[in-house]
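Next up: the structures, one after another.
Two complexes are shown next, each including chain A; its partner changes from chain B in the first to chain C in the second.
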Partner chain A sequence: MKNKYKDLPRWIVFAIAAFVMNFPVISTLSTALKTNAEISRDPGLWVHAPTLNNFAVVLQVTERLNIFSYLHNSLVASLIGSILPILVCFPMAYAVARRGYGTDVIFPTVVNLRAMPLIIFAIPLYMMYQTVGLLDTRLGLGLILAVVNLPLALLLLINAINDVPYELDEAARMDGARIFTILVKVVFPICLPTLATVFIFSFITAWNEFLFGLMLTTSEAVPMTVGASFFFSSGGGGGQWGVAAAVIIVASLPPVVLGVLMYKHISRSMTAGAVKG
Partner chain B sequence: MSPKTENRILATPIVLFLLVMLGFPAVLDILYSFSEVSFENLRSPTLNGGKNFIKVVNDPEFWAASWFSLKFGVATALSECILGLVLAVYLAPIIRKNNWMIAVLIMPMIIAPAMMGLMYRLVLHEFVGSLPHYLYLWLGDSPAFLSRENVFLTVFTIETLQWTPFAFLLIYMAYEAIPSEMREAASVDGTRPWRMFWFIEVPQMAPTLAVAFFIRFIDGFRVFDNIFVLTGAGAGGSTTSLSIYIYLSFFRSGDIGKALAASVILFCVAFVILFFAGRLLRRDRA
Partner chain C sequence: MGTIELKNVTKSFGPVAVIKGVSLTAEEGEFVVFVGPSGCGKSTLLRLIAGLEETSGGSIHIDGKDVTELDPNHRGLSMVFQSYALYPHMTVYGNIAFALKTAGVAKLEIDRKVRAAAETLKLTPYLDRKPKDLSGGQRQRVAIGRAIVRQPKGFLFDEPLSNLDAALRTQTRIEIANLHKELGATMVYVTHDQIEAMTLADKIVVLNDGEVMQIGSPKELYYAPKNTFVAQFIGSPKMNLLPRASYGGGAMHYQDGVKIDIGHMDGTPSIVGVRPEDISLCPLGEAELSASVTHNEFHGADNNVFVSVPGIGSLNVRANGKLDLQNGQPVGLVLDKSQLHYFDENGVRT
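Let's look at the complex of A and B:
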């Protein structure tokens, strides 16, 4: 009998920690499911008369809020921001992993980017983008999101290539394959699982980014995170708390879905990135 | 093709990308920080020596922002690592059997810090927020979370609650990676659980703890999103981090030279810290 309940205190601690840390999410979800009348009458967590009306309002395109445009911008910019790092890091990762090339300058430079306050680059980028016409474009936003994702992409790809047996390269080389053939036909397919992890992780990071979206877009390419904050502060309140809550939920949904599906891989790559970095 | 040429070609994409996206802006950064520049003469700045830097160094708000960032970074990193360590070690026996618990615990860090900030704006709202509602109900009173006196504690708590999962995750992984022979040997020798924790497990996890602290410190130091959406520079500027200070100098005051000078200073400080941290780490491994 005693053994059966010996883990009970741990379960209680887990429940409390999970509840407290996720409290804002639970509370916002509850607000999003309430009518305006209920929100002002009883702001507690329990929803007496659940309604999806707030979400219906969110999905209507109006002058003040066009959520599809925000979602579209975030999607395109995040795709650029998660595919481009893989493309530019993959050959470099091979050079680092197999030949120890670039370990003195390029590798530390990229990895240390993880620790740089991003605002340093935001202002000169603003000026540069203005000159070349990338300001307020999805491409411009996607490019800088790609920079944000470089460090982790490089680290994880180096790890992945280190795990590919060297004999495979050698065999291909013996057969007269050139380096790029080896890269594309031999190493790339084996690294696919890692590439998928890098992609998803980068996508979440890019989707969640706020500072560059705020500084480098104004109307055409505003991403979801920034759009949600605009809606909120432009009196999205104004009595419309339920709608504001629904906007936040919609904005947070894509990374959460990806994260829940991928949490095992995320935790593994997070550790790899942190320990090596 | 010689291996040397091959290496260069392999490195070309990332080097080009970095040069365009960061090299060029860095040059602009330095050039403009020594110039008189505003939104009107953005393309034809005139050099003014170190005036911008003098302006920044003499600006009490710059020092207030630096102090806020430092304090915030250290305090949040410390509390996140301690809480993360406690959770990881205490919950490890049940998480081992129930992997899904990790997904529940790391949920907060998958959500954008900016969205987290907005959620707290709702949660803490005087009239429609659930937290003040319950505090009124149970305690008869609710503090003004975003007032000048309370705001630091509020943003500190928010940051800690969102990012403790990160520290927890790293530390849990390190805890699970401790070789079981080590624990067995110690328990055969009759080592008590507390001694086991302090003298065997903590030293084994020390590198991870250091890394977790460092990453959390960096992220706390450069904090922008959640504080910005929650308070702006609000509460009398008492939550202006360095990132927010630079942002405000640039967009609200239009003082581009000052903003750039501040970011060049920030860059240099970050560079020096990273340089020494890197050397320390390398020496550790050697």
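Let's look at the complex of A and C:
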């Protein structure tokens, strides 16, 4: 019995912290479940008469608003924006980590991209996209999201490959493996936890990106973030807070589900048992 | 199949010469051990043979064919790494099968060979386990399994036992010796442990500072070391080297009028070497040298006794473990004259 209550203060602190940190989410969820009348009458967290009406409005496809199209656009662009950096950065990270290529110029330059305000890309990119016909396409949006995610992916993957004992590469070379086999069969599987981390972070960043979505798309490739803003005043007149909250909830679900599904892969170490520690 | 020959091989990292012109031959089926202190270049030499490092000069031949410029996988050698270097994401089966899969061997053939190797190394019950679920000794055996499954021309071992505890090391040493007998393959083995070298080797190569000090059988190295470095490196406890002295009248003359009769010599020895077991303790009346005990280590069967000899200095004596010796106790010493080693002033055997 003693043990049962020993952890109680700890759990109380956890609960308070979780509540405070998730307050915006809880508040949005509560708003999404209220009627417009209740929202204006009682802005508190408690929902007196829960309703799914706001969700019904959001999921309704109209001429002007199509949430499924926005979700589809976001999904495709985010997958391009999260998988492409991995495909590009993994071999590059290997070259940087193992051979020391590009450590003087390329690596710092790429990582510094992260420090730049993204708006700096806006004007040249718009003009370039116009020329090559990438404006308002999922591929175009995905490509720039990949650039946004590149620095972090490279940084994390270089560290991951540095953690793979070099003797494994040498053992594979003795076993007759060429560089491609070493990369695919030995280094890649060992780096899976980091690759999962890179994928999740990149996907979430890409999914939540607003600036390029707003700038580079107009109708065909509008992503969820931009599409959500269309709902805010969808009814005409004042803000439709219930609908806005519902659309935010729907928009947040995919990255949250992805995060939950892949969470266990993030922090797992793969190198246990490879070499004597 | 399996002759490995090095001809004047050199290796430099930048301006630092690590291997300074090494020539040696590992005959077919021979167990050759590279031994030397840390940093002597023995692991680098092994990596040069493996092809994991490029030579700066000289050439390496396997079965008469020049392989100096060949990739590691084209040399037909297998290597067991000090840290095992097992693929952590593969099972024991996957680890052993990897080289065969890479070589495009048929599945059934791979299965047969992997199971045969596992049987030899008593790994059959562990084939489905990952390396992290194995003990140190089992991981070591997987590393060996990975090496033998390819049926290479020769095996390279880079300090394979250094991560094992003392008991397991002795056991694995015996297993490696048995494996060598069973396979009859050429093996090149790097260690800093001279007991491993003595027990396993057909031929020992003693290295120091990137140069070969001596190549020979364990007995040759023990009984006829070519120089003072080999004399002191091989044997435990190490050989006593008496201080430099002048030779004349059939005797070595030390300070304070102390002399040791050694009879007529052709050369002019400057340094006398004597192994601890070739010095006996005796009553002072019968002694050739008188000494006093400064420190005694009880090893069970033996006492490892340190004595101080006036005019000569400290000597190490292996005495019967049953003797009860006290610090400061005066003792007499007799040297076995037939077992003395003589070196000139440059430390080279005369």
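Criterion: the second predicted complex is superposed on the first by the 221 of 277 C-alpha atoms of A that agree within 3 Å, B and C clash if a C-alpha of one lies under 4 Å from a C-alpha of the other, contacts with A are read in each partner's own complex, and residues count from 1 in each chain.
Throughout what follows, a residue touches a chain if its C-beta (ideal position, glycine included) is under 8 Å from a C-beta of that chain, and two chains touch if they have at least 3 such contacts.
The structure displayed is predicted, hence computed values, not measured ones.
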Contacts for A:V132 in the overlay, against chain B (first) and chain C (second): which applies, first, second, both or neither? neither
Should A:W11 be classified as contacting the first partner (chain B), the second (chain C), both, or neither? first
Based on the superposed arrangement, let me know which partner A:E170 touches: chain B (first), chain C (second), both, or neither? second
So, A:A49: does it touch chain B (first), chain C (second), both, or neither? neither
Which partner chains sit in contact with A:V186 here, chain B, chain C, both or neither? Use first/second/both/neither. second
According to the stated criteria, A:A228 is in contact with first (chain B), second (chain C), both, or neither; which is it? first
Is chain A touched at more residues by chain B or by chain C? B
Between chain B (first) and chain C (second), which does A:G259 come into contact with in this model arrangement: first, second, both, or neither? first
Touch check for A:I106: first (chain B), second (chain C), both, or neither? first
I'd like to check the shared interface: which positions of chain A are touched by both chain B and chain C across the two complexes? 270-271, 274-275
Which of the residues in chain C come into contact with chain A in the complex? 50, 52, 71-73, 77-79, 81-89, 98-99, 102-103, 130-134, 136, 139, 146, 150, 163
Report the residues of chain B in contact with chain A in the complex, numbered from low to high. 1, 3, 6-7, 9-15, 17-18, 21-22, 24-26, 28-29, 32, 42-43, 87, 90-91, 93-94, 99, 101-108, 110-116, 118-123, 125, 127-134, 137, 161-162, 164-166, 169-170, 173-174, 207-208, 211-212, 214-215, 218, 221-222, 224-225, 228-229, 242-243, 246-247, 250-251, 256, 259-260, 263-264, 266-267, 270, 274, 278
In the complex, go through chain A and note every residue touching chain B. 7, 10-11, 13-14, 17-18, 20-25, 27-28, 30-31, 39-40, 42-45, 84, 87-89, 91-92, 94-95, 99, 101-102, 106, 108-110, 112-128, 130-131, 143-144, 146-147, 150, 154, 178-179, 204, 207-211, 214-215, 225-226, 228-229, 232-233, 241, 244-245, 248, 251-252, 255-256, 258-260, 263-264, 266-267, 270-271, 274-275, 277
Applying the document's contact rule, which stretches of chain A touch chain C when the two form their complex? 165, 167-168, 170-177, 181, 185-186, 189-190, 192, 270-276
